[in-house]
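When the chains are written out, they are named A, B, C and D in that same order, and each has its own residue count from 1.
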Amino acid sequence: MLILMEKEHTSVQVEAVVRQIAALGFKSHLIPGEERLAIGITGNLGPISADIFSRMEGVQEAIPVTKPYKLAGRDFKVGKTQVKVGDIIFGGEDIVVIAGPCAVESEEQTLRIAMLVKQAGANVLRGGAYKPRTSPYSFQGMGLEGLKILAKARALTGLPIITEAVDPQSLEKVAEYSDIIQIGARNMQNFSLLQEAGRLRKPVMLKRGLSATIEEWLQSAEYVLSEGNDQLILCERGIRSFDNATRNMLDLSAVVALQMHSHLPVIVDPSHGTGRRLMVSPMAAAAVAAGAAGVMVDVHDRPKEALCDGPQAISPEEFGLLVATLKRVAGAVGREGRNAQR
Amino acid sequence: MLILMEKEHTSVQVEAVVRQIAALGFKSHLIPGEERLAIGITGNLGPISADIFSRMEGVQEAIPVTKPYKLAGRDFKVGKTQVKVGDIIFGGEDIVVIAGPCAVESEEQTLRIAMLVKQAGANVLRGGAYKPRTSPYSFQGMGLEGLKILAKARALTGLPIITEAVDPQSLEKVAEYSDIIQIGARNMQNFSLLQEAGRLRKPVMLKRGLSATIEEWLQSAEYVLSEGNDQLILCERGIRSFDNATRNMLDLSAVVALQMHSHLPVIVDPSHGTGRRLMVSPMAAAAVAAGAAGVMVDVHDRPKEALCDGPQAISPEEFGLLVATLKRVAGAVGREGRNAQR
Amino acid sequence: MLILMEKEHTSVQVEAVVRQIAALGFKSHLIPGEERLAIGITGNLGPISADIFSRMEGVQEAIPVTKPYKLAGRDFKVGKTQVKVGDIIFGGEDIVVIAGPCAVESEEQTLRIAMLVKQAGANVLRGGAYKPRTSPYSFQGMGLEGLKILAKARALTGLPIITEAVDPQSLEKVAEYSDIIQIGARNMQNFSLLQEAGRLRKPVMLKRGLSATIEEWLQSAEYVLSEGNDQLILCERGIRSFDNATRNMLDLSAVVALQMHSHLPVIVDPSHGTGRRLMVSPMAAAAVAAGAAGVMVDVHDRPKEALCDGPQAISPEEFGLLVATLKRVAGAVGREGRNAQR
Amino acid sequence: MLILMEKEHTSVQVEAVVRQIAALGFKSHLIPGEERLAIGITGNLGPISADIFSRMEGVQEAIPVTKPYKLAGRDFKVGKTQVKVGDIIFGGEDIVVIAGPCAVESEEQTLRIAMLVKQAGANVLRGGAYKPRTSPYSFQGMGLEGLKILAKARALTGLPIITEAVDPQSLEKVAEYSDIIQIGARNMQNFSLLQEAGRLRKPVMLKRGLSATIEEWLQSAEYVLSEGNDQLILCERGIRSFDNATRNMLDLSAVVALQMHSHLPVIVDPSHGTGRRLMVSPMAAAAVAAGAAGVMVDVHDRPKEALCDGPQAISPEEFGLLVATLKRVAGAVGREGRNAQR
């Protein structure tokens, strides 16, 4: 059940609704939106009568949640959600370009690449400090030290940073240091992590799970939104398929499908989505042509030394050419395509 | 085993090689290429010694076929194969746009839509006369009568036509009437059909099977090429996936992968590849951005009346806008993007 | 539209129905069943009124085909279809065991293995004469000569034979020599081949396509049944998946699903379904436990010499142990499990 | 790097190895095995020289971890790992049968079903207290209260219990109340949860992720094992496929593949693996025929009232028949098949 308050509601009316929900033994979630305040109800085992709420003062409508997602859907919001990080806007006119090394490996490496991607036109700096690795014997990231290096890179370049949180401990740290919190593909259905990210008031980027349907992905988004955090970006990063010609199969139709069913901005990661350097630039261009709000690419100037995912990183030079191409493609499909970073 | 003849070879030398192959009990395939003549050997149960051939006069090299495909691969040809249909070139500078109804339903419908897509900028007219349908109770196409209607549409518009062959009988007819022979996804591993198409001297378009890997697809291409027909176009049309947000999952990374491993031109069918009208134009633009040599789209002016796949056809008006967009996107990624049809 | 005739109908009544169908411009299919005669109608572009037929003499019911398949489904027949090959019954009490080499490689090899599998308890001999191979450079089978060798093996052992047809030419030959006609996975949606097999009056075994859903498979079965051939066996042989731990992923739940939705007998091929020798026996036992009417296994006494699929063939000794295990498992799940071959 | 200590080692020698690892800046993991003590090293960014350790006293061998998993693999242990819960043994002669409701819904419901499955022959009681649900609006489980109800059911029936932990908070509680800790499919790559479970000294059951390969699954197992907990059971529960004839596609070949590559016991969940009541018993029988160490099935006496996954629960009566069938099938494939519960 989702209770939409009237535009002109009072805090006393909200409290009355919250008390009513508690009286029924359920849990309420205040979800402040740009357009209106919503109150979500969870914890109910069966359906709740809408009448109890719809007749209360200040309540505009009590909507039974029949679709598997609500706040993430077009029924809740017609326009586009814009996620703002400083003067960078995801879901606005401009294409946002996130770039950087797959992993923070050292201060020297990170600052060096940060400067290179800044000069080449990146808007946001990426770099993993906590790395979810398939094998316990693979490099697991530099952790807190890596976050501090990223903060230095931000100070040096002025670029906001994005980095991944993998569990409650790292989430707390990432929320402290990073401008955007990344939840990775393997954690797309780590529901308690999603809820904790939803309780923060920082932008979150949620990657698609390896075999998640669009509907499941939007339900995971709902876990973040229903805790009150509407600064959410979705990131397509390839799904699992039968063909090993690519590491994953980048599903660009997801960009279009999400825009049909949701108001959230969608970006694409062609680096993890293909796993092959030669495919990154063409697929990034295709992502923008399909309507993506931005792209996230691995860039490394010495890919053979990379501790993680070297084979998919492009060089700073190629990245510079890509940024220019993306602007032209954005223009070709009728969008500004200016880079926020001018 | 593949025997490459020297550029300056004589017909006597070729005959000697063919006789030697026959003497060993194998079958030879003359494969004339733009750059050089190749002679393929099939029918051998085990490996053949290259020495027998490499010492013969006029033979430049005898290559054991260690990779699963040879003629379709980059080892055989470095540049791009161009497939020519009148003055339309697949694999050249221009983006080729194929459009028309999914199925030929009547003369009136076909001529009407043919004129509309011609005016909107199509280069080739599509329309199914023989329809492979999952159910025996679905409309199976108009057959020979449909081919005759397509021929009239060609006469009316000047557009070359492409239509599908589904078995030996229809192949014979399609080869007689059509400018390009389409082999559909369900027949991608119908090897005897591929071989018969390879014996023709008409352009063939081979669609990807529903769960075919890139490598399997190129091996199917090899069945056509090894019979001597090098006028072959590949068409990505979506693969089977777990998500029903789209009818199929359009794999645009296949366009890039094929260009890495093969010299054959690749086009994309976003209509069958998504099955949803609203997705066709963005995915067509993405296909060109990824490097496709062209696109094939279902266009219908009265989609609700369509006997086949109405939900994925775009209107002639939207198609006109799409053609203009594709030209701009082609330019944005550094290609001419002029339409062959000027 | 499917027209069911009354039990006590006359040939004059049937002819009247057929004439009426022709008068409407459609095609009629006489489908003689054990319980009743059905007349299928195809060629209609839109729905046909049932009234035209239901009021005719001798007609019991005119059923609009709303489900994608009809003759293959439970609505058409409640019990089990039994397919009889001599005194072997697919879909009866006994588990049917098909065994033999993947491919007929020579007379000596085939007769030798035929005797070994006969002694070990096989009921039917398998062996490919026409092999659909992914690569044109792989061994394509011995063709007609292979069929003649299989016929000799039948004469020697008394075992009926099953072998694959891959196109119209081979179908004609296979129908002449073989007791059961196999249609392979790659041809599951080669609809004209299915129709030709449906016009024969010999048992057909239809393998599941690499990425075919149960519903698509039953619609392919419908192509055979609607031509009047109800002697049809289905064979699960593994689907395409993302995991290369096995060559294909054997879907034993398909056995159960098919029995829920269809009356046709279902067997399982654990050799192609796993591609690994060590997996064949456990998965064959599992297939029988799940309710399969039989299994088909590759057996080779010299697997390293096999020209095709050696890594998945089990030895005659292991096969003998497997036959005994299958009988015990069949008993354990409440079936006779006697081998037809006693 | 994995360091195997000699059988006759001293604690002083172990401490020396641990200090050496710390001196290099890495982390050591004591992994006591039945046969020998191993010390794992993590935290190293690059390769470590084996020489440093292999020359130390008490060290038998220093093995560079070249395969993606080590402790889970056949190289580390030839025989079978047995996981013991009271007198129930996973991986022993007997088939272990886990049964109960999908979710703990109330004390009355849980105790009632617990008694019914105990009488019908279950060895372990299942029931979810913390439920990972795709939608935030679905019933999320009774939490701690549910654990207390399960403890009462154990006291009443004498059956050990298994229930799922979904995050660090619930893991702590589940470890306190439950006999076996279940890690669900969605958390198969929640690596920090796996590590925390690995630090406990209680049996863990790790379900396969929706699109996890066998190799990835064993690497996730390695996360548990490398923290020193070798009481690990694997559970196949169906993978994601393109066919919606079943909720998931149960991959029984995984049972065989795991036994080839690992020593860990494998059980099968045909309830979640098919999602359809009618499929549960045949697929459970097939699982045992394929070699599974046990099965886990949802049982509910009033499935229409179930708050979670009612359509896949079988009745206590059917469950009783299933237990008897499983014993017979186990016997048929040469195993004891006695139920630990006699």
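Odds and ends about this structure:
Keep this in mind: contacts are C-beta pairs under 8 Å (C-beta built on N, C-alpha and C of every residue); 3 or more make two chains touch, one makes a residue touch a chain.
All values derive from a computational prediction rather than experimental measurement.
Between chain A and chain C, the least number of touching-chain steps is 1.
When the interfaces B-D and A-D are ranked by C-beta pairs in contact, the top one is A-D.
Averaged C-alpha coordinates give centres for chain C and chain D that are 39 Å from one another.
Here the spacing of chain A and chain D, counted between their Cα centres, is 32 Å. As a whole-number value, the distance joining the C-alpha centres of chain B and chain D reads 49 Å.
Residue positions of chain A touching 2 or more other chains, listed in rising order: 211, 240-242, 244. Taken together, the chain D residues at the contact with chain B in this complex read 240-242, 244. Here chain C touches chain D in the complex through residues 211, 213-215, 239, 241-246, 249-257, 260, 273-274, 278-279, 282-283, 285-291, 325, 328-329, 331-334, going by the rule given at the top. On the side of chain B, the complex with chain C involves touching residues 42-43, 45, 65, 68-70, 105, 132-137, 139-140, 166-170, 186-187, 189-193, 195, 209-211, 216, 219-220, 222-223, 226, 240, 307.
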